[in-house]
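What follows is a single structure, and I will ask about it in a moment.
When the chains are written out, they are named A, B, C and D in that same order, and each has its own residue count from 1.
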Amino acid sequence: MLKGFVVPRSPLGAAALTPPPPWHFAGDVLAVEYWSDPDLSTDVLPEGIEPDAKTKGHSVAIFMDYQFTARNEEHLDPGRYQSRGFLVLLDAIWQGAPVAWCPYAYVDNDAALIRGWVCGYPEKLGSVHQTRTFAASPPLANNSRFAACVSAHGQLLAQAHITLRERSDDLAGLLDRPIVTRRYFPRFSAGGRQTSAVDELVRPISENMVFTNIWIGEGALAFPETLGEELDILAPIKVGRGVRCSFSYSIADCAILSDLTV
Amino acid sequence: MLKGFVVPRSPLGAAALTPPPPWHFAGDVLAVEYWSDPDLSTDVLPEGIEPDAKTKGHSVAIFMDYQFTARNEEHLDPGRYQSRGFLVLLDAIWQGAPVAWCPYAYVDNDAALIRGWVCGYPEKLGSVHQTRTFAASPPLANNSRFAACVSAHGQLLAQAHITLRERSDDLAGLLDRPIVTRRYFPRFSAGGRQTSAVDELVRPISENMVFTNIWIGEGALAFPETLGEELDILAPIKVGRGVRCSFSYSIADCAILSDLTV
Amino acid sequence: MLKGFVVPRSPLGAAALTPPPPWHFAGDVLAVEYWSDPDLSTDVLPEGIEPDAKTKGHSVAIFMDYQFTARNEEHLDPGRYQSRGFLVLLDAIWQGAPVAWCPYAYVDNDAALIRGWVCGYPEKLGSVHQTRTFAASPPLANNSRFAACVSAHGQLLAQAHITLRERSDDLAGLLDRPIVTRRYFPRFSAGGRQTSAVDELVRPISENMVFTNIWIGEGALAFPETLGEELDILAPIKVGRGVRCSFSYSIADCAILSDLTV
Amino acid sequence: MLKGFVVPRSPLGAAALTPPPPWHFAGDVLAVEYWSDPDLSTDVLPEGIEPDAKTKGHSVAIFMDYQFTARNEEHLDPGRYQSRGFLVLLDAIWQGAPVAWCPYAYVDNDAALIRGWVCGYPEKLGSVHQTRTFAASPPLANNSRFAACVSAHGQLLAQAHITLRERSDDLAGLLDRPIVTRRYFPRFSAGGRQTSAVDELVRPISENMVFTNIWIGEGALAFPETLGEELDILAPIKVGRGVRCSFSYSIADCAILSDLTV
């Protein structure tokens, strides 16, 4: 009997790319709010998701540096279960309610890649870095500066800078929308390829979400032109606040919003 | 309308991890035939695949160094579309017929990873290397030596050495079985997780298969003990021939053998 | 006029692998104290450095995860100026005084590699990971567990585990010896190769050294056998305390202890 | 007695980053000839090297994909001793004679990095890729296309395309100048840092140089703008021929042209 939440399924279930949920994450975030051209960003929305006419292309670019664990002290395997990731979230509407849609996402290892796919994030491999602060670093303060970048296949995809201004008790309206994603897996046989094997809109359900050490300031953000990627089509036409914070949360379930396979 | 054979689906279809089939491959192979303990290797077979009692654990460890292209000169994007991979194929029986089953596979980039998954290979990321020969190198000859290795997350998974003996017109019974794989993608919602979203046995259909520059000799092969992998359970108890050759082939379709989702 | 502290020297001096000192570091450390076989560890000492007969092979294995900056906000280029490193320090005696000698060191990028060489650390590239803790993680406590590992060229070189026991105001006698290193650069011309171009024992001078969030507990440490490395010859025959702490310090100078080029 | 041509020097001499010369290389090259702005390229020449007024910024951008070996079958350790590299060579004059000067060079592993430095190439780590051809690929022909790229720290530094036109018996005047490099290693002690420890112009001496499978055609080449690099200052203002060939050669010595340390 083969075991494992994902491939490779194996006799002991130890070889699988990721253990089954619940999954627990803790890390640091650098995020910059921005507006992309709403005429262009509308094109990244799937069937059933509408643009948010009120916020007009409002988005957040998020760089994460985090550690994962599940039931078996996976944090003691740091080479496998730490990750750095980047994603963008675009304001959108699902059945009349505000949501955040993830068109593009990048992570730097295979365990994070498959966790993303299984939850509906369209992950590719990327190299992601962000300025850090340590217990022995100067304390965060007005004017502290952070930077972050993501590249894939040797091309710079996004570059962010944040200048902290003040500590905040909350995220001030950022990162407060439920995220909607699309679980997608194609068919391969030539005769069946006009439809996909899996295509469902889902809402991953986060639990025990904690944001702490929140600092808000000014952001700068650029998505340089690249080949073989389309992130640059969503390039900022206006940039807003920058945020730096730490977070932890768990994920163990998702709500299935609709099945798009038909 | 979002386009793309796989994620991320995007307005232009240029961001997807891999273009749609047909897929064309050309590269070099180092392969070592071996026998694993049949009492143990039986455990990696899924429902519907039986051990091959006649060959008793006979397997091949394959290291590949190759280039991919599809319809748009993808070979001109070498950072994205070259790859090095490792897999093992175990002799097995499907409905009375001899097949080769792939329990474990590793590649070194995300495009190859998803191509593997879509075809049913249970790919993980690994770092794979093999000795090469160039047009300006000494010609292959009796006693020419090659080595190959694969590691993942900083652990050595397999190490092979081959000493060439003589050129051959064919692969002498190696790599001649149809490969059977398992396309697998889990559900994520807590209520549905006891079954998978995709679980089908398939036979990828290769076309225009060419093997050339075939040399056959002696092999050596080891699968060191590792944590978080189970390849070492299939470690060689006996090692046979080693092969070095070049190959090209295309893949555009698969036959669906059975649906295991029920 | 070409500029740059190191290669490549260039018109603007911006291309050099690292800016000139002073260099400032901040990061986290996991360290495990251990004893190697003194009959073997003596062999890694250069001329002029003696074994410490009192401590008999006492050593520390150190995993670092840190950020670098110099005069130009290099911390805002995190892909280039963050690094993870591993080194071992062996108790030794120089001119009658206790020192720590560094026989082997690994880092994960080129800027850190050359900084190490210039200071006399014999750096190779490696992949280094350690368990982290974030502001939103559970606070450190008795029984908190950390792990760290280093690999190079796909081989695991060292693996450590630490179980924290109690917070400490100081490092309790660990990491308190001045470090002695050897700056070494060979000649290349065939006629001159019996001597080196640079070969000097130095003592890098650290300033503003801060250790904070110090926790001390139990350590476990293994140096698996590897090919093409000799770290395993220094494998622990006994393991002592484990430490986790954060640090910051600067380095701007070194004392030259002796010239070994003659 | 510690052994090793370079660091880390060790009891057995097996840990050193590279074995001593003679060094043997075999591989493939993609090269594009181009002209940079001679007013700018003059600035990358060190004392004692003059611009070549006759060729006015004529240069070659070279992408290499190669295997290294020395005395101990290092080609059987492919993870450590294969490498992909990129360098530019600028026409220049030394003491009245035409030479090629290497201002910038990139390789993808530490063994190649230190070999470069020891020979005077100012190597940094980069990720280098080039289109390949295999024994089972279509034969090279008029209109065959190749591409190559190099990136470092997630930034694209150079991108080349070559369209083959015809096979050639020789390199048609490309890559025929002796290369001059600068071995450079700084001092570190604050008091001595105004001079370097090693600073010599050298001419690496190649032996048994073979070029084969030479194809010549048209080239395209771009050096995009980057931060922390100065290659883009040497960007092509005109592009010439493109070449694809295989090569092998050995290097065991260098001629010291002048000592610049004073």
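The rule we apply is simple: contacts are C-beta pairs under 8 Å (C-beta built on N, C-alpha and C of every residue); 3 or more make two chains touch, one makes a residue touch a chain.
Keep in mind the model is a prediction, meaning the values are calculated, not measured.
Looking at the partners of subunit A and subunit B together, the chains they share are C, D. Of all chains, the one whose CA centroid is most distant from that of subunit B is C. Homomeric contact subunit A/subunit D is classed as same-residue, with over half of its interface positions used by both copies. Look at where the CA atoms of subunit C average out and do the same for subunit D: the two points lie 30 Å apart. Subunit A and subunit D have Cα centroids lying 39 Å from one another. Remark: subunit B and subunit D have CA centroids separated by 35 Å (rounded to whole angstrom).
Among all residues of subunit C, those that touch two or more other chains are 77, 79, 127, 129, 149, 151, 154. Taken as a contact graph, with one node per protein chain and an edge wherever two chains touch, the assembly is complete, since every chain touches every other chain. Remark: subunit B residues 2, 5-12, 14-15, 17, 20-21, 40, 43-44, 46, 77, 79-80, 103-105, 109-110, 113, 117-120, 122-125, 153-154, 182-186, 188-191, 193, 197-198, 202, 204, 227-231, 233, 252-256 touch subunit A in the complex.
Against subunit B, in their complex, subunit C makes its touches with residues 127, 129, 149-151, 154-156.
Here subunit D touches subunit B in the complex through residues 26-28, 66-67, 73, 75-79, 82, 127, 129-137, 145-149, 151, 161, 210-213, 246-248, going by the rule given at the top.
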